[in-house]
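Each structure below appears as structure tokens.
Below, chain A partners chain B and then partners chain C, in two separate complexes.
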Partner chain A sequence: MKKVLTTCPYCGTGCMFYLVVDDDGTLVGVEPSNEHVVAKGQLCVKGWNAYHFVNHPDRLTQPMIRRNGKMEPASWDEALNLVVSKFKETQAKHGNDSVAFFSSAKTTNEENYLMMKLARAVFKTNNVDHCARLCHSSTVLGLAATFGSGAMTNSISCMEQADCILVTGSNTTEQHPLIGSRIIENVTNNGAKLIVADNRKIRLARLADIHVRWKNGTDVAFLNGIMNVIISEGLEDKEFIKTRTENYEELKKIIADYPPERAAEICGITPKEIVDVARMFAAADKAMIVYSMGITQHTHGVDNVKSCANLAMLTGNIGLPGTGVNPLRGQNNVQGACDMGALNGVFSGYQKVVDPTTREKFEKAWSVENLPAEPGLTITTAIDAAAEGKLKALYIMGENPMMSDPDQNHVREAMEKLEFIVVQDIFPTPTSEYADVILPAASYAEKNGTFTSTERRVQPVRKAIEPVGQSRTDWEILCDVAQRAGYDGMKYNSASEIMDEVATVTPIYGGVSYERIDQVGLQWPCLDKDHPGTPVLHSGKFARGLGMFSPAAYLPSKELPDEQYPFVLSTGRCYFHFHTGTMTRRSQMLDREERFPYVEISIEDAKELGIYDRAWIYVATRRGEVKVMAHVTDVAKKGVLFMPFHFEEGPANLLTINALDPIAKIPEYKVCAAKIRSAE
Partner chain B sequence: MKTVFTSELKPLLEAFAEQTELYVPKKSGEYYTYTKYKAGSDEPLEFNNIRTCTTVKEFLFPVCELAATYPEPTEPKEIRQFAVFGLKDCDLHSMAVLDKVFFEEDFRDALYIKRREKMFTISSDCFDPAETCFCTLFGGKSFAEKGFDLNVSKVQDGFIIEAGSEKGEEFISKNSGLFSEVPAAALTQRDEGRVETEKQLKQNNVKYKLDADVKEIVESSQDSEAYDTDSQSCVECQACTRICPTCHCFYLYDTKQSDYFSKMKMWDSCIRCSYATVAGGENPRKVLGDRIKHRFMHKFVYFMDRYGTNMCVGCGRCLETCIGGTDTRELLKKLSDEFKTKK
Partner chain C sequence: MKILTEKNLKTFLKSAEADYNVRVPINLHDGTRALGKIDEGSLAIAGGVIPQKITNVFFPQMETILTIDSEKVELPKPSVKPLLVIGFTAQDADCLEFIDRFYSEDYRDDIYFNKRDGAVIVCVSGRCGNDGEFLKIAGEKCDLELICDGQNYLLAAYTDAGKALAENADGANADDSVIQQLQKESDSLPADDLELIQAASKLLLEEKVPEEFWATISDRCIACTSCNLVCPTCTCFDIFDRKTDSKVQRWRMWDSCQLDGFMREASGHNPMGKENIRTRRRIHHKLAADVTRWGQLTCMLCGRCDDVCPTGIGIKAVCREMVDKYGSA
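So, the complex of A and B:
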């Protein structure tokens, strides 16, 4: 028996734990790490079960090629040569931007860096993106515009220090349990004030001082209303505004349109609720905002994020422990995948592709010429381009757009139109059914690398067992593809060497090396070998100099309920499953908890429609209809349905709308119009 | 039983490592976890003052194991001799609880029994107990009196080794060259140390002392709201059942392999909602507070009825791993207070 210290592959909290390996090389369990600053000897239910899927018999263990419409086993040589020749052929015929690369928030920093290097340096396209597009692209852009850096401003430990915490659009105890528990602890032990602004009655709402159940998608009006009260009652931090920010007058002007009465009317709440929240938040010495998908996944996601940033600046709650704007990242390495530049418009470290000096720097570092200058397609726009026939070939590493992207029928159309699809994954997925080549990848337990957690902590991932079957680590596969495509600049002996290269071209990772992150990691920015890392961003000075107030006016969601589709449908995750369910649904003890696709419906609505708990019903939108089990619960608000998107047999994303935020291109997963009918 | 003395532990462990797999405690943060002992390694040996943060049940009853295959049965995995060093009295008590379950007539668990037979148990005295330790509330001690093959007590100039079984006696006889006679002063020192630790444990837990028999208290708590209050901060991580050395519920399920089916045996948890779900989907314990109550009922009432002992050994591991900050002692004390008022 041996124990290998590594980082959890589920959410972005970044707990480290030990993988327990039997003498015959099989994973037998997980043990929390007592030394680790976040885990502190504890884990959530997914963490405790994180070993289970690794040895599942469904694992992809051999490369496959589609021959005469059927997937057949192939050798690595055949498979990779085919990938390279098809991509080259496609580019020769239709131009460099006729191919795209989907990187993955589940893979390591090193692998994301290589994916973007492969796309940019080898295939000369900026069509590279990953699923941060679907979760926090609005954060990355919104916070970059206001603060100059698009990441969680503070650390997880700050949750214990705040005097008031505003949790909005985050079901923290279910999606980031170890962060949620810190909030609970602070509230119950230290008497910190808790404001939950979420229309679901989530667990935190039951402990909250104020729980506001506004209408989905009215976040901007709500936040503007709060700021209106703060300004009109003179509760703003005048000194902070004067010395640390700019554009305040513009904010005042727009906020003036949102007196509590008007804001409350838009939000479907009482003006008193807005006034109470404003006073409680402004009165706290250290107030913090915690948010997640409820803020970001809207056609006005960037506006939502900016409004959160405005509120933090208005009350001077930035740059100090126990304060800040804290977006919680949903995947183990979605922060890192962004940091590594697996995004359409930036290299690693958010260095813009449009900037000629930056391109020159990377051209030199990578020994290539003519790096593409225009931002490429995003995940969402690439699917649109494929459906229109403009995109011809797609390389998908560890993503499952058939399940995760909005409007599944639209994605299916895109998949069917694509001429060539490569899927590199650990399990077969609804997406791999469309693949022309399947490349079996090693799981997190079978490789070395790093993940970056939501608090910007770069942490080690360590190999505990050998890759199953013929599977190979993603980084080795990517390097092999690059070499076969005739590029010599992607040869590494270890993942550590890749990180060393990342450090040389990425200022915020400048001081990161495997040696330094051994036990508890390092929080970026970490500029050089002596830099201690940065637990709290923007102390004394914002990354962009002055904080930029960026007021927004309320815009309604794209598709609101009407007579025909009277419900609001919102989607998300449940506690026991993760994303498209490829791993948790293959973990026996997790899958047993939620075995069926379901929809949460309020007790009032269920009564009115004669729907009882666990009855099968159809949920339909203008995109399609899905059969799911009804969970009749007080968690749901009247008129609102909530569906998790983990289930292949009842895919929530068959129903969602492909409406995007104009800047971030994030889809509006949180609001669309739906109707229901009995299936029994 | 034989009691001998040695000034160094390393030769003793080397003697074990020569003939069997040996697991020893290794420091992990403030606590200890088990690691495989590497014979001949230079790593300093750590003598754990308290129990490890993981439990002994992992050696006897792994998280997940193959129970059977079909249509063709397969040979069970070979279980080798192994020894575990540094177990504490609470660990030995927990093994006694598991023995009752897995050795019970009609339900004899072959896999557990096999491992149990192959295990050599080396316990040691506690000193400087953790704030979370509360064994004395349930009749535990800072040192083991039975249930071990060898027990090690640390004293100033060395270690007192006591045999507790024939296997232990045999080991001492075979390796007599490693040991000498116990100096009288060492024995006095050991006994004084034991008294001191015991005192410390009792002092740490004085405020949690229950006002009546724990079974009576818990049995009368059916209507208590304390469980629901407690459940407010519970995030259902289920660490309490996982880390509890006596929780032993398991779940059998089938998986399809390439050309056969295997039946797996895996730890279950009564904190999970689906644990009590019956065919058709009804669930008598849908409310989390009811599940927490059920766990207490099992630990202190049902198990007592069936086996004549309660299931809590007071190791305190559940306090450390609970994300929600639940303190079993506090909850029991609250129930005890309610019990007193009712009377």
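So, the complex of A and C:
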């Protein structure tokens, strides 16, 4: 029996715990870390069960190659040689940008760095991206434009210090439980004010001082309305605006169009609710905004994010403990995957590929020439390009676009049109059904590396058991591919050596090393070996100098309900499952809690339509129809349906719309039009 | 009674490894205290309650209960060497006594007793709690006891197995007055927490706690299940199978009554389908149902659920709110 300290593979909170390994090398449990600054001896239900899927019999344990339409076992040599030859052949025939690489927010920083290095240095394409595109690409761009840095401004501990917390589009106690618990404790123990702006009656709404249930997708109007009240009542922080920001006049001009009456009408709420929220938020000494997918996953996701940033600057709530704009990152390492440059337009540390000096720096560091200069395809535009026949080959590491991307039939068309697909994963998925080569990867419990949590904390991941079967760590596989492709610059003896390289080319990770992050990690920016890390961003000065007010006008969502499709359908996660369900649905206790695909429907709508709790119904949109179980609940608002996207047998993303934010290319998962009928 | 320095204690424990699988409180990588083998970390005997339930040495989070292959059904075998577990507090010893009863009465749980039979229980008490707290002396609830005088450990042996082990310990003889003084300190420990849960138990048995109270608590519950998973008297488990080409393994793992699936029927109906009912059950079971069934409270006040609960609604905290609200009625 041994106990190995590592970082949780589920959400972005970044709890560390011990994996308990029996003498046979099987994971048999989890124990929380009592000393860890975030976990503090606690865990959520997914954390307690994070060992369970690892030894599941479904694990991929052997490379596979499609021969005559059938997947057959192959050696690593055969599989990797085929990958390299097919990618080279495709590029020779159709150009460098005819291939793309999907990196993964589930894998380590080191592996994300290597995936983007493989794409850029070896295959000379910027077609590299990962699922941050689907969750927080609007944050990365929206906060970079306003503040100069696209990450959570404050730390998790700040949740305990705020006097007022505005939670919008985040079901915090379910999706970031140990952040949600801090909000609950601050409210119940210290009397902090809590404003929940969310269509659903989530747990935090039960404890809120004000719960605003606006129409999905009217965030900009809502936030503009709040700012209108703050300005008209003179509640803004004049000193902060004067000394720390620019473009205030432009903000005032646009906000003037959103008096509470007009904003309330757009949002489907009362003007009083807007006035009350504005006064409560502005009155607090330290007010913070917490948001997540409810803000980002819209065709106006970037506008939503910028509006949150505007509100924080207007009230001077930036740069101090207990304040800030705090996007909660959904995956264990989605922050790190972005930091590492697994994005179409940046190298690690958000250094732009369009900048010639930056390219020169990386060419020198990697001993290559002619790094591609134009931003590449994103996850969403790569799928579009594949469906149009423009993209020919795709290397997918630890992603499951068949389940996670909008409009599954569209993704299926893309998968069918692609000439060559590599899937590197730990379990078979609906995506791997389309693979020409499957590469079995080691799980988080079988490798060393680092994850970066939502509060920008770089933390260790440690090997507790040997990789199962013939599986190999993602970083070793990527290095092997690079070498077989004729590149000698990706040889490492350990994950630690990769991080040392990251530190040399990535200023915000400049002081990060395995030695320094041994127990509690380091929060970036950490510029050099003596830098203590940065718990709160933008203290005294924004990353871009002055904070840029970036007002936006309200734009309606792409597909609104009509007579034919009278409901709004919103999608997301439930507490017990994670994303495409590959891990949680193979965890006994978690899968037992939610065994069936379901849709939340309001008590009023259910009554009107004669639908009872746990009845099977069909939910249909213009993209397709899915059979799911009805959860009749007061969590849902009349006219709005909510469906989690974890279930292969009832995929929410068969229904969602492939409408993208024009800048971030994030899909509008939170609003589309739907109808329902009984399946019984 | 002998007095052992920390060094003598380590030598003593090492010598016990010849006949026992010794488990002792150690500091893990980041200083978290947990049970482990002697050489897996620095000894951490002092510090009070070990955060995880110490009874998990006999009832672990997940374990195989049988294996079936094409030829036979195989049951887990008792280990060759019995366990010797150091680190029980007096409250933990009470918990163990209860789950021994639970797992042996009516139906005997062989998987549990495979590990439990022959095991030596060593309590730790005296001046070695967290932040200088005095840990209650357990006495004859255990085989052996290490009673800290603030620096060294007095070795008290109560059972034959304990006495046989104690003979091998190397240490000076303790002065009776030291033992008497420590016992006096132990006897004079405040009983506030016990009075609190007894008062709460009375309120529950007399049905004086209204339904709306439980909703105010369950609104703050994030269903992390930690309260169950760290509770030494929680005994519920779920069963699942893992099939490979060559065999089927049946496992059991800790369950939690705070989960909807815990009591959901095949039809989907759930008699405990609401959070407030589940929260009520968590407290009611230990303080009322078990009093009726077993004649005793089954919260022994170890404090683990209060320490681990992310939102501050462990059993003591809930009892405090309950007694404050309804106690005088």
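The rule is short, and it goes like this: the second predicted complex is superposed on the first by the 680 of 680 C-alpha atoms of A that agree within 3 Å, B and C clash if a C-alpha of one lies under 4 Å from a C-alpha of the other, contacts with A are read in each partner's own complex, and residues count from 1 in each chain.
Note that a residue touches a chain if its C-beta (ideal position, glycine included) is under 8 Å from a C-beta of that chain, and two chains touch if they have at least 3 such contacts.
Remember, it's a predicted structure, so these values are computed and weren't measured experimentally.
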Clash-or-fit label for the pair chain B, chain C on chain A: clash
A:16 touches, of chain B and chain C: first, second, both or neither? second
First (chain B), second (chain C), both or neither touched by A:483: neither
Which superposed partner A:206 touches (first chain B, second chain C, both, neither): both
Touched partner set for A:62, first chain B, second chain C, both or neither: neither
Touched partner set for A:358, first chain B, second chain C, both or neither: neither
Partner chain in contact with A:519 - chain B first, chain C second, else both or neither: second
Contacts of A:496 with chain B and chain C, given as first, second, both or neither: neither
Residues of chain A contacting chain B in one complex and chain C in the other: 1-3, 18, 28-29, 31-36, 41-45, 47-48, 52, 56-57, 173-174, 177-178, 180-181, 184-185, 188-189, 203, 206-207, 575, 588-589, 592-593, 614
Chain A contact footprint on chain B (complex, rising order): 23, 28-31, 33, 35-36, 53-54, 58, 62-64, 77, 232-233, 235-239, 242, 251, 253, 255-258, 264, 266, 268, 272-274, 281, 320-325
Touch list for chain C against partner chain A, complex: 28-34, 36-37, 40, 51-52, 56, 60-63, 219-220, 222-226, 229, 238, 240, 242-244, 253, 255-256, 259-261, 268, 307-312
Complex interface listing, chain A residues touching chain C: 1-5, 16, 18, 20, 28-36, 41-45, 47-48, 51-52, 55-57, 173-174, 177-178, 180-182, 184-185, 188-189, 203, 206-207, 519-520, 575, 588-589, 592-593, 614
Of all residues in chain A, those that touch chain B in their complex: 1-3, 18, 24, 28-29, 31-36, 40-45, 47-48, 52, 56-57, 173-174, 177-178, 180-181, 184-185, 188-189, 203, 206-207, 575, 588-589, 592-593, 614
